[in-house]
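Provided herewith is a single structure, encoded as structure tokens, for subsequent inquiry.
Read from first to last, the chains carry the letters A, B, C, D and E; within each, the first residue is number 1.
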Amino acid sequence: MQMNDNTFRPKIVAFCCNWCSYAGADLAGTNRLNYPADVKIIRVPCSCRVNPTFVLRAFGRGADGVIICGCHPGDCHYTSGNYYARRRMTLLFSMLDYLGIERERTRVEWVSAAEGAKFAQTMNSFVETVTKLGKNKRLEDLRCKK
Amino acid sequence: MQRIGVFVCHCGSNIAATVDVKAVAEAAKHESGVVFSADYQYMCSESGQDLIKDMIKEHKLTGIVVCSCSPRMHENTFCKAAAAGGLNPYMVEIANIREQCSWIHKDMPSATAKAIVLVRSAIAKVTLNAPLTAGTSPVTKRALVIGGGIAGIQTALDIADAGFEVDIVEKEPTIGGKMAQIDKTFPTLDCAACILTPKMVEAAQNDKIRIFSYSEVSAVKGFVGNFTVTIKRKARYVKEDLCTGCGLCTEKCPQKKVPNEFNLGLDNRRAIYIPFAQAIPKIATIDPDYCTMLKSGKCGVCSKVCSAGAIDYQAKDEFIDVNYGAIVAATGFNPIKVDKYDEFAYAQSPDVVTSLEYERLMNAAGPTGGTLLRPSDRTHPHTIVFVQCVGSRESEDSTKCGKSYCSKICCMYTAKHAMLTREKYPDTDVYVFYIDVRTPGKSFDEFYRRAVEQYGVHYIKGMVGKVTPEGGKLKVQASDLIAGKQLHIDADMVVLAAAIEPDKTARPLATLLTASMDTNDFFTEAHPKLRPVESPTAGVFLSGACQGPKDIPETVAQAGAAASKVIGLLAKDHLVCNPCVANANEMLCSGCSQCEKVCPYGAITYSYKEFRMPDRTTKLRLVASVNAAVCQGCGACTVTCPSGAMDLKGFSNKQIMAEVDAICK
Amino acid sequence: MQKVMIERAAELLSSGKVNRVLGWRAGLFAHDNTPSVFTDAADLQANFVYNEFCGANLSKYLVKESDKEGTVAVFLKPCDTYSFNQLIAEHKIKRDNVYAIGVQCNGMKDVNDREKLEERCASCKSRKHVAYDELIGESGEILDSNRFDMVEKLENMTSEERFEFWRGELSRCVRCNACRNVCPACTCEKCIFDNPDSGSANKAPADPFEENLFHIIRAFHVAGRCTDCGECSRVCPENIPLHLLNRKFIKDINELYGEYQAGETVNERGPLVNYTQGDAEPSVVYERGNS
Amino acid sequence: MYKLNLSEINAFFAKIAQNEKLYIPADNGKGGARYTEWAEGVELSNACNTERSAKDFFFPQTENLVDFKVNGKKIEVIDSREECEDFVVFGVRACDVKSFEILDSVYLTDPIDSYYKNRREHGTVISLACSAPEETCFCRTFGIDATKPAGDARAYIAGDSLYIEALTEKGSALLSSLGIAETDDTAAVYAQIAETEKKLAELPLAALEAKDFTKKQLDAFNAPVWAGLSQTCLGCGSCTFVCPTCQCYDIKDFDTGHGIKRFRCWDSCMYSDFTMMAHGTPRNTQLEKFRQRFMHKLVYYPMNNDGVYGCVGCGRCLKKCPISMNIVKVMKSLGEVTE
Amino acid sequence: MIEETLIPKLGVVTDIRIDTPDVKTFRVVGLDGEKPFIHVPGQCAMLSIPGVGEAMFSITSSPTNEEFMEFSIKKCGCLTEWLHKMDVGQEICIRGPYGNAFPVESDFKGRDLLFIAGGIGLAPLRSVINYCRDKRENYGHIDIVYGSRSKDDLVDYREIIDEWCADKDINVYLTIDREQEGWDGHVGFVPNYVKELDFKPTSTAVVCGPPIMIKFTLAGLIELGFDKSQVFTTMEMRMKCGVGKCGRCNIGNKYVCKDGPVFRCDQLDELPNEY
């Protein structure tokens, strides 16, 4: 969000699996646990639905950080989805790091439906980290700049 | 062009106190495709739902966005309202501006700004939604149980009790499984046969149950509710309908040197045999590997003595196709082979036996008629050493063929063996070497303590290092970790508590069923906590030790649970399918089969199809197709597919990208 | 070698065992051989060539060729056989329609610097043919290669240095698609970058993001399937070291999920369609040396 | 002719760069050369030619055409064209200079392409005569004299000096503003030319001749050789993109999230979607796509342009084709078969 | 800066007529209410919706219509699908006119004319037919043969019935591919119908329709004694620029967008068969 004062606010896209992390985010809400409004959640059925293209797309369109949340390994609603997501995202993030994109802009976190507090805390720390990094310049699509 | 309606809920003050709902509704108006946008006190109320219905009609809406609480709360409510208003329920998207906005942000401007972004993202998504219809598929009201041990029998009985037809396929000539070989059961010490055989008879007599003994599953097609299974009925060379089970042939057969597998090779049987007295079905079977008639055409004694004329040397394997609505895997376990454990001298001395062999040696129907005798010289053993965890709980880098898991039942049956031995032969010294004694379970620990305290069994924490056969004795070298010393015991017998592993037939069966397995070849459950008796493949259920090591009560409990799941499925005439499933675009699919590999449900199949190419030629191409009745919609396949041929309805690539774009705008 | 190959190819043709032979055709100079299909002995005699400038991995052509009538004979260098296996595993090559002849390879020369071996050959991973119907020359061993040296060097740079390095390389991309079209793992019916319906289609490296996107996604799509044949780097008209992207994935896979060589056998389950419960957490990326 | 000592060449560049951007071929660190904006420290490359052609200066790979804003049913068209800044390209070889003429014949004929014209008008081309042609060079085939390149001005490097002469008004305006000495002693240049001519005559492709198909395009079109030539073509665009005369483009829209950018980008007739329409494409096979490229250069273009070929013999495609198929092989095959 | 043809003008859709299940006719005027530009029969225009796509369509209205332009568009791809979904009042980008024209002022003048169209192939002919009807005195006898898959697929059916058929010196022959209830007209494919009708080879023929129909109709006309130089057709190709520069719409050395879309059949014979 663009605040009136000129302090930088990051754009954060969070992909949350429907069964655990989205519910975890809801629980954070129910418990009125604060985290910055910079985080916007996209609901996906499972963390394994997150295509690397989505992550890159987000960065291209001006996101400053992308976080993927899923069920804890072993707890996937679909038994194995998060295991695949874990491999994919590990490799993708490692590749982004390799290309010199700040590694702290990406994160995977396992948040169960019961972990509202963890969700809020994760988002707080992620937003803080990304805010420190500042604007994503290395992986943004210049054409999409305003 | 979509005509989208946006409804912004106040949720009393829950949303309206921190989010300027009017501003949100106003902002939504300017989004492309939005023809109606309003805020309302309580969208989930009767009148709120009416508003949805009315506006759908009034503005000919093709999609709606409700900005309210979490979709996990009221998505269903709004979908139903939309459907009542004549809109496809899948043309509804929820912007979660309560749990994920108003409740967590205190500052109104920033919460409002975020709500606007969330609404924009929901609008972007709904613009790309397509109406979906949930399909249905009929259910064949018959179940198949693979494996006729206690797990399979119990499952079949429970299903049959509920009034459904059920078939048991058992690869051996008789049902009964491992339990039939066991002497007594812990912790009650009642006789296994006494509690098992009535169940076997009950299964045989139940007119809802068909037993295909000496049969195997050779092919499985179809999906939940609609499986077609090819059952291979192996040639038994005895006509099942004629054989009376009199057993004359098994006495007259001249081929006497066939290791008796029921007694684990501790004695011999004939080439024509009935595994044990209470076998079900009680029908003789000719072992084609040993029958001289089948091998060389010379003999025919059994045929001569059979007054029923049941012998048929010309018999061939038969294949029958049967339709099922549900399949239960109950393939059970086997003890591992312990030949490789040279230190225990299993291969060197007949007096080193496995626990299951020991079980037979104790059994009244066993090779020794229930008298405990050493296999080597048929004398009574006075010192017996039990070794625990042989092949269980081995470290991963072990070169042996052991298992990393705990086999769970060994501690208890060893306590049983020790106790029974001491009870029958109080002059026998019994030593049990263990790493840990694990006896959780009702009356289990008491049972173990009885063995130690009442029966004076010597439990020693430590492992046996070496067993050396020497002068008719077995020199056991072991360490006592608590006393911190080496022990040397001259034993008469050594009993190895061999680890148990899934039956070898489980792995090929899992492939047929497209059910997944863990690295130890145990079937994986759909959810380890919440769906422990279902496999991830819809319509396939798990019963007994094929899912993991289990004792009898646990097996029976799981068998009942699996049965109830099957009954729940068969009780339905039709299955309603989730329409948010994966869908393969055949024009884009290149047949690489990556998606098939990640599908946890086996919902993806590959087949050659003919395609008309742009240059008007036809081409045969391998393409994927998704069985909508089986797919659960996780989306694993969509990311695996490099060409984007695989997409998920309701969460399509384009929809998610549109959401991303809207958020990052 | 070349003579034996020509003789053998002619023999296969005349015996009717195959009706065409996929090999290399001599060019204008010694170093511009073209992959080509031969159907008669005279043509083979006159134009077939096998020298140190036969870099083209012929297994890619089998995708189309094995779909045609009759059996095609193909000459495969050791590294080509890995692609061959991988393509069979993905049902892209009809094995029955191919007669694969493994040919010895001592490394191919760099067309730009004809004294030197190509980079991929200087760091050759294997001289062993993992699939063939017959062999001409010798099949070597899997080598102890230094192919990850450069990846490692990059990993040891700071994030800024890496960014600068890759910007310098990828900014030269002209999106000619040579890397993609030559790649044996890129055999989609329609590439997402060509499909306007995919949402990712693009034709030009319009800005740095596009350049990154194309190469990251392409490398990701072939991750776990890439045999490291190095064709992408060989054909890049801008000499972008694209193999360093693929090798990064391979190195990570090897380190995190156990050694894996795509194409070594036909039926293996690739690392990205597989998992173990104890796989490394994604945080492993952050825990690496704080560069 | 102007003359300056090679040791002063950087000062010469600096003088040009004072007023406008200057691009010269510089080593790219990978054994080749590419046009690089001159700045202190950028040295003129000795390479025969740049890896990428010089067409980028006038016909860049992507360029914005027009912007739109869409709001409901309303559309706003935003003409975002801007006058281009003056620039100088130094060191363009004869073949590439010739390619500008070919591009001109497409883009500067009615209706004039304003984007191209804008760049062309603001760009000054100083060509550089070849002295060390490579084995892949065959400009002579198309009547191009590598020793006498066209352009706004033409430069020679002979001995330790740079000779430079203006050929157009634009060229002479530029040169006269630089304050370099003029000379009449051009013997070194002519010696250089003679030497280069000798080298040119000895090139492996020196004898290559282009056949005239302008009277019978169908013969060339229906020649059976296309099947063999195109057999292993990968359908990539490397030949097209390194080619100085390939000028086909595609027009695409890009949604930036807050507007639509309509841009054009290089396209290649080798690509599968080049002629793709909603219901199919008239060129289905790679043979047809491959044939189009060479028919265009060797037949269609000459037919429409008084026999001038659409190839300048720069030899880039000979170096860059992943499968080493190229226009020389095509010309040889076409010649062999039809004669 | 000079005017740039690639930068479109804006038009607005003032009327949408549903012709057949997959053909709609859009009426377009400039934002000022005038026609966006002047054209001659047979010419085309580039229509586009930003972010969706741009494509070439033949202008179906006659130049003699001074109020608006019309485009009959069949739904067959991404852009056309979008156009079919839009409502009146939608603004649209338009540039043109592009291509050559039917030689209405030269070859056609004073001649008997035979128009043969199949399906959406009527769209480009409608412009020239109406032009000739409006300048009736310049031309001889006019025959129109038009066929479609079914009655519902006949584009501009109302106009044909109400106006063309009502014209005294114009003969309209309609045909559909297969028998259909409520159709008492001719049934059969266009090429066969043309042969059945046995037209005199003294007229100039204009053929437009699917490639296969053009091919057989042309063969039929030649059988009837027509010379190829008397037969005109109009071509369709992938176009991007519309001005002969982007390089994709060529047939041999001719660019359809610039040298076409109207070709005389004897000219086509000299070109490679790549259409």
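General remarks:
Basically, a contact is a pair of C-beta atoms (placed from the backbone, for glycine too) under 8 Å apart; a residue touches a chain by one contact, two chains touch by 3 or more.
What you see is a predicted model; the values in this text were computed from it and never measured.
Excluding chain D while holding all other chains in their positions yields a single touching group, one piece.
Path length between chain B and chain D in the touching-chain graph (shortest route): 1.
Each chain's centre was taken as the mean of its CA atoms, and the one lying most distant from chain A is E.
With centres defined by CA atoms alone, the chain at the far end from chain C is E. Comparing chain C-alpha centroids with the centroid of the full set of protein C-alpha atoms picks out C as the closest. Across the two interfaces under comparison, D-E and A-D, the one joined by more C-beta contacts turns out to be D-E. Centre-to-centre separation of chain A and chain C, using mean CA positions: 34 Å. Rounded to whole angstrom units, the spacing between the C-alpha centres of chain B and chain E is 66. Averaged C-alpha coordinates give centres for chain C and chain E that are 50 Å from one another.
Across the assembly, chain E contributes residues 78, 86-87 that each touch 2 or more other chains.
Of all residues in chain B, those that touch two or more other chains are 598, 640, 653, 657, 661, 664-665.
For chain C, residues touching at least two other chains, in rising order: 192, 199-200, 206, 272-274, 276. Put simply, chain D touches chain E in their complex at residues 65-66, 68, 70, 73-75, 77, 79, 81, 83, 106-107, 111-115, 117-118, 217-218, 221-222, 247-251, 253, 255, 260, 262, 264, 267, 269, 274-279, 281-283, 288, 292, 295-296, 299-301, 303-304. The part of chain A that touches chain B in the complex is made up of residues 1, 3, 11, 13, 18, 22-23, 25-30, 32-35, 37, 40-46, 48-54, 57-58, 61-63, 74-75, 77-81, 84, 88, 120, 144. Considering their complex, residues 52-53, 56-57, 59-60, 73-74, 80, 83-84, 86-104, 106-108, 138-143 of chain A touch chain C. Taken in their complex, chain A has these residues touching chain D: 61-62, 141, 143-144, 146.
Only residues 85-87 of chain E touch chain B when the two sit together in their complex.
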